[in-house]
Amino acid sequence: MSETLSQLGKYAEEAGTKVTSLRKNESTVEVSQDRLKAFLAHLVNDVHVRHLMTITGLDLGQTLAVIYNFSLERDTIHVRTLVPKAKPVAASICDIVPGAVLYEMELHDMFGIEFVGNPLKDQKLLPPEEWPADLPPPLLKTTKADQIRRRLGLEAAKP
Amino acid sequence: MSTPPNQQRREESAGLMEYSTESLVPFGPIHPALKEPEYFKLVLEGERIVKVIPRIGYVHRGLEKAAESRPWVQNMYMFERTCGICSFVHSLCYGQAVEELTLYQVPRRAKYIRTIIAEMERIHSHLLWVGLMGHWAGFDTLFMWVWNDREVVLDLVEAISGNRVHKSMNAFCGVRRDMPENMEDRIVERMKFLTDRARYYRDVIDTEETMLKRTENIGRVSADTAEKLCAVGPMARYVGLKRDVRLNDPYAAYDEVPLDVITTTQGDVHALLRLRLDELVASANMVTYAVKNLPDGPIRVKIPPIIPAGEHSSHCEAPRGEIFYFVKSSGGRTPERVKSRQPTMANLPTALELLKGQTLADIPVVLTAIDPCFGCMDRMSFYDTETNRSWTWSGEELRQYGINYYFPERSKKQHGLTKGDGPLTNRCLRDGF
Amino acid sequence: MLEKLTNWSRKRSPWVFHINASSCNGCDIELVASLTPRYDIERFGAVLVPSPKHADVLIVTGVVNAQTRDRLRRVYEQVPEPKHVIAIGACAAAGGVFKGCYNAGQGIQDVIPVDMFIPGCPPRPEAIMYGVLKLLGEVK
Amino acid sequence: MPVKKTGAAVPEMFRFMLEKPSTEAYPFKSIQLPQRFRGKLDIDPAKCTGCQVCSLVCPASVITMVDLGTRKVGDRELKIRRPLFDLSTCIFCGECVDNCAFNALELTKQFETATPNKADLLMNKAIVK
C-alpha cells in the first residue's frame, strides 16, 4: 500500500469506514450513500486520485452495488456504495469528476439507477430506441436475455 | 440517412427554432468506408459547433449479459471479438483479471509472447490510424502507403497466430501457441523496416502541406480538462499527462522489457500523429528486444474450469488507451459479472470537448483523432432551421467539403464551395445538396 | 442488346456500398484492406461508394441489433435494382460468437435477402475477393 | 494557392513508380498461406468417437450432436452420436481442435468458402456414411 493510500486510510477511519486491501495494489472502500460525495471529493481533491476508470454496477439480489473504480499509478481503489433495488436513486458525481457522465448514463441504462444531477440523464446511451418501457433493465439478474430478445423482435424467423 | 426526418428529429429541431442562428445537425449513424455506426447530435452556430450530444449503442450487443451465462473460457473468445482492431488486448485483460482469481502463475515465456503480440497489435493499430488520418485529411497517397506497410506486421501476426485480426492466442495462465521456430531474424528485420518507414512518415507529416494545414492547431484541449474528463492513452499523453498502464501498473512482461513512454505538450492533432508514429517506433523496439530475449520454458499452465469465488479487476494499455475489466466469480463454471470498459468510452467526453468550437470541416479529422473504435463520419443530415429543409451528406461528401474548405483551388469545379462563401446552410441549399 | 451491354458493364464495375450493422470492425478493416495496394480489388472495377443510391452491391458486416435493423432495411431499400447483398463474416451469416446475446440477431438474412455468404472471423481479403468475384460469375 | 514547396512524399512517389507492383496476383495465382493458418474446419469421421467435447467447448455453438441410433456394448445400449457442424457461424478459434482427444478435427488451409447457399456450409461428413 502506498503512502497516498495510507493517508486515505486515515481519512476513511475518521469517516467510519476502512480501506480493505484485496490484493497487492488493489483496495476497496465501502462508503455509505450519504457520505459518498464528501469522501470522493476528498479522494479527488486532497489525495489527487483523479483518474476514474469506470463505474461498475453489481446486482447483489436485494441491493445494487455501485463501484467507482479509481486508479492512481500503481494503485487501484474501488469505492463501493450500496443502492436499494426498490428505490434505485444515487447522487451524481459529475461535479467532482466530470468524466463520469457517460459511465453514469451507462449504469442508468443497464441497471436502472437514476443519478440525480447528471446533465444528460434523460438521454439514452446504449439500448436501442425501440426498447420497451416496461422491460426491466438488462443487467439485473432477474432479466433474462431471451425475454429481451423476444421483446426486441430479434428471435430468428426459423422455417 | 436520407430518409425523411422522423417525428422525434422534427421536434428536436423545432425546439431550436427560436434561435435562428443555431442549427441542429444529426450526425450518423451509417458510414460507408470503415467505421462503426454512431450518432451525434451537433448544435451549430453558423460553422462552429456549440454542443455535441452523443448517442452510442449502434454496436451494443449485450456482451456483459451474455458473459454471465457462458463458461469462463468461451467468454475469452467472445470478449476478444469486442473489437476487431485491439482484439488481443481485450482477451489479455479479461484473462489477467481471471488469472488473479486463481492461484496459478503465468509462465515467463507466455508473458513475453503476450507482450510481443500486444505490441504488434499496437503497431498495426497505429498504422491503421495514420492511414485513416491521411484519408480524412485528403491525402490518400499516405493512406495507401501506410496500409501497404501494415501488411508487413499483419503477416507476422498471421504467421504466429494463424489469423490476421482475431489472434485467439490467449488462454488462462498462458498462450495457446508457441512462437514459430526461425522467426526471430524475420521479426527483427521487419521491425527495422517498420521503424524506418515510421521515421519517414514523420518526415512526410512534418513537410507535406496537406497534412500540416489540416492538423496543426486543430483539436486543442488543456491538460487539466483532459485529466478531469479522464482521458486515456494517446489522448492523455498528447497534452503531457504521463498516463500509461504499461508504465504505471506493468502487466505481462512490461516490467522487464525497456519501455519508452512518449508524451508531448504540443496538444493538437498533428502532435497526435507524431506521437503515434513515435510510439510505433518504441513498440518496434520492444518487439525486437522481447524476441531477442525470449526466455525458455513452458507456455501454458492448464487450469480447472471452475474459478474460485472472489472479485478482481485488471487494466491494460490497448492501442487506444486503457481498457478495464472487472470480474466477479461466485465459484461456478460461469462468471457472476464481467464489466468491460473500452478506451473509446473513456475518451468520448474529451472528444466532445474537442469538437466544441471547431468548424464543420474539421469534424472528420477531429473525430478520427481520438481513434474511435466506433466514431462514424457518415450520413450527416443537415437541417436548416429557417426553412426546415433537410438534406444529407455522406462521409465522403463531408470529407470533400473539408478538403474544399482548406484547399479551395483544388476542386472549385466540383461543388463550387469555397471558403468564406456565406453561411454554410445557404450555400449548401443553393448547390443542391 | 442494350440490356446485355448494361449487364456487361455492371459486371465489369460493381459499385459497392458497405454498411456496418454492429460489427466488431474486424471484417470492416479486412474489407478496406482489400482495397489497398496489396490486394487491390479495384482491379475488378469494384469501388466503395459513399451512398447506397449509387451502389449495385451492398456489403453487410456484423450481427444486426435492434438499433441497426431498421437502418439496414432502409439502406437496402435505397439501393436501386438490380441489387445484390453480400454478408461478410460469421456474425452476418448466422450470429457468430454473439449468438444468444440479448441485443444480437442471428444473421442478416432475417432482415434482408442475401445473395452471398462469406464465412470467416474475419475472412481474409482474398476470401472477400473470391466472394465478390463469385457473385459476379467471374470465377466458377 | 499553388503548393509552395515539395514535401517528403514526392521523391518516394517516384521511387514507387520504378518498383514492381506490390499487388498479389490472386485470383490468377494461388497464394502462400502460413503454416498455422486457420481455415475451414475438417473432420475425420473414422477417428470421431462422438464424445461431444467439441460441442461443449465451442464458443459460437457451431456444433450440435445428432443421434444416430444405438449400439450394444455388452449388456448396455449406448447412443451413437456424431457432430454436425454449421460452419456459417464458425469463428475459427480452434478450441474444438485443441480439445479433441482423438485428433479427429483439424483446421485446413481452405479459405475460399464463399457460397450463395447457407446450406453448403453445413458439414455433415461425420453423420452421412
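To keep things simple, chains are lettered A, B, C and D as they appear, and every chain counts its residues starting from 1.
In this section, a residue touches a chain if its C-beta (ideal position, glycine included) is under 8 Å from a C-beta of that chain, and two chains touch if they have at least 3 such contacts.
Everything quoted here is computed from the prediction, not taken from an experiment.
Asks: Higher C-beta contact count, B-C or A-C?
Replies: Looking at B-C and A-C side by side, B-C shows more C-beta contacts.
Asks: Express in whole angstrom the distance between the two chain centres, defined as the mean CA positions of subunit B and subunit C.
Replies: Computed value for the inter-centroid distance: 23 Å.
Asks: When the centre of a chain is set as the mean of its C-alpha atoms, what distance in Å lies between subunit A and subunit C?
Replies: Roughly 39 Å, centre to centre.
Asks: For subunit B and subunit D, let me know how many angstrom lie between their CA-based centres, rounded off.
Replies: From the centre of subunit B to the centre of subunit D is 28 Å.
Asks: At least two other chains touched by the same residue of subunit D: list those residues.
Replies: Residue numbers touching two or more other chains: 22, 59-60, 91-93.
Asks: Can you pull out the residues of subunit A that are in contact with at least two other chains?
Replies: Only 127-128, 138, 145, 148 qualify.
Asks: Residues of subunit C that contact two or more other chains, please.
Replies: 37-38, 65, 67, 96-97, 100-104, 107, 121, 124
Asks: Between the chains shown, work out who touches whom and classify the graph as line, ring, star, complete or other.
Replies: Basically it's none of the tidy shapes, so other.
Asks: Considering the complex alone, what residue numbers of subunit B touch subunit C?
Replies: Touching subunit C from subunit B are residues 1-3, 29-37, 57-63, 65-66, 69, 77-78, 81-85, 87, 128, 143-144, 147-148, 150-151, 163-166, 373, 378, 394-397.
Asks: Which residues of subunit A touch subunit C in the complex?
Replies: 127-131, 138, 145-146, 148-149, 152-154, 156-157
Asks: Enumerate the contact residues on subunit B facing subunit A in the complex.
Replies: Result: residues 53-57, 60, 62, 64-66, 69, 100, 227-231, 243, 248-249, 311-313, 315, 322, 324, 326, 328, 337, 339, 341, 345-346, 348-349 of subunit B touch subunit A.
Asks: Which residues of subunit C touch subunit D once you look at their complex with the stated criterion?
Replies: Residues 37-40, 43, 90, 93-97, 99-100, 107, 109, 115-121, 123-124, 126-127, 129-131, 133-135, 139 of subunit C touch subunit D in their complex.
Asks: For subunit C, which residues are in contact with subunit B within the complex?
Replies: 17-30, 32-33, 36-38, 48-51, 53, 62-63, 65, 67-68, 71, 74-75, 78, 96-98, 100-104, 121-122, 124
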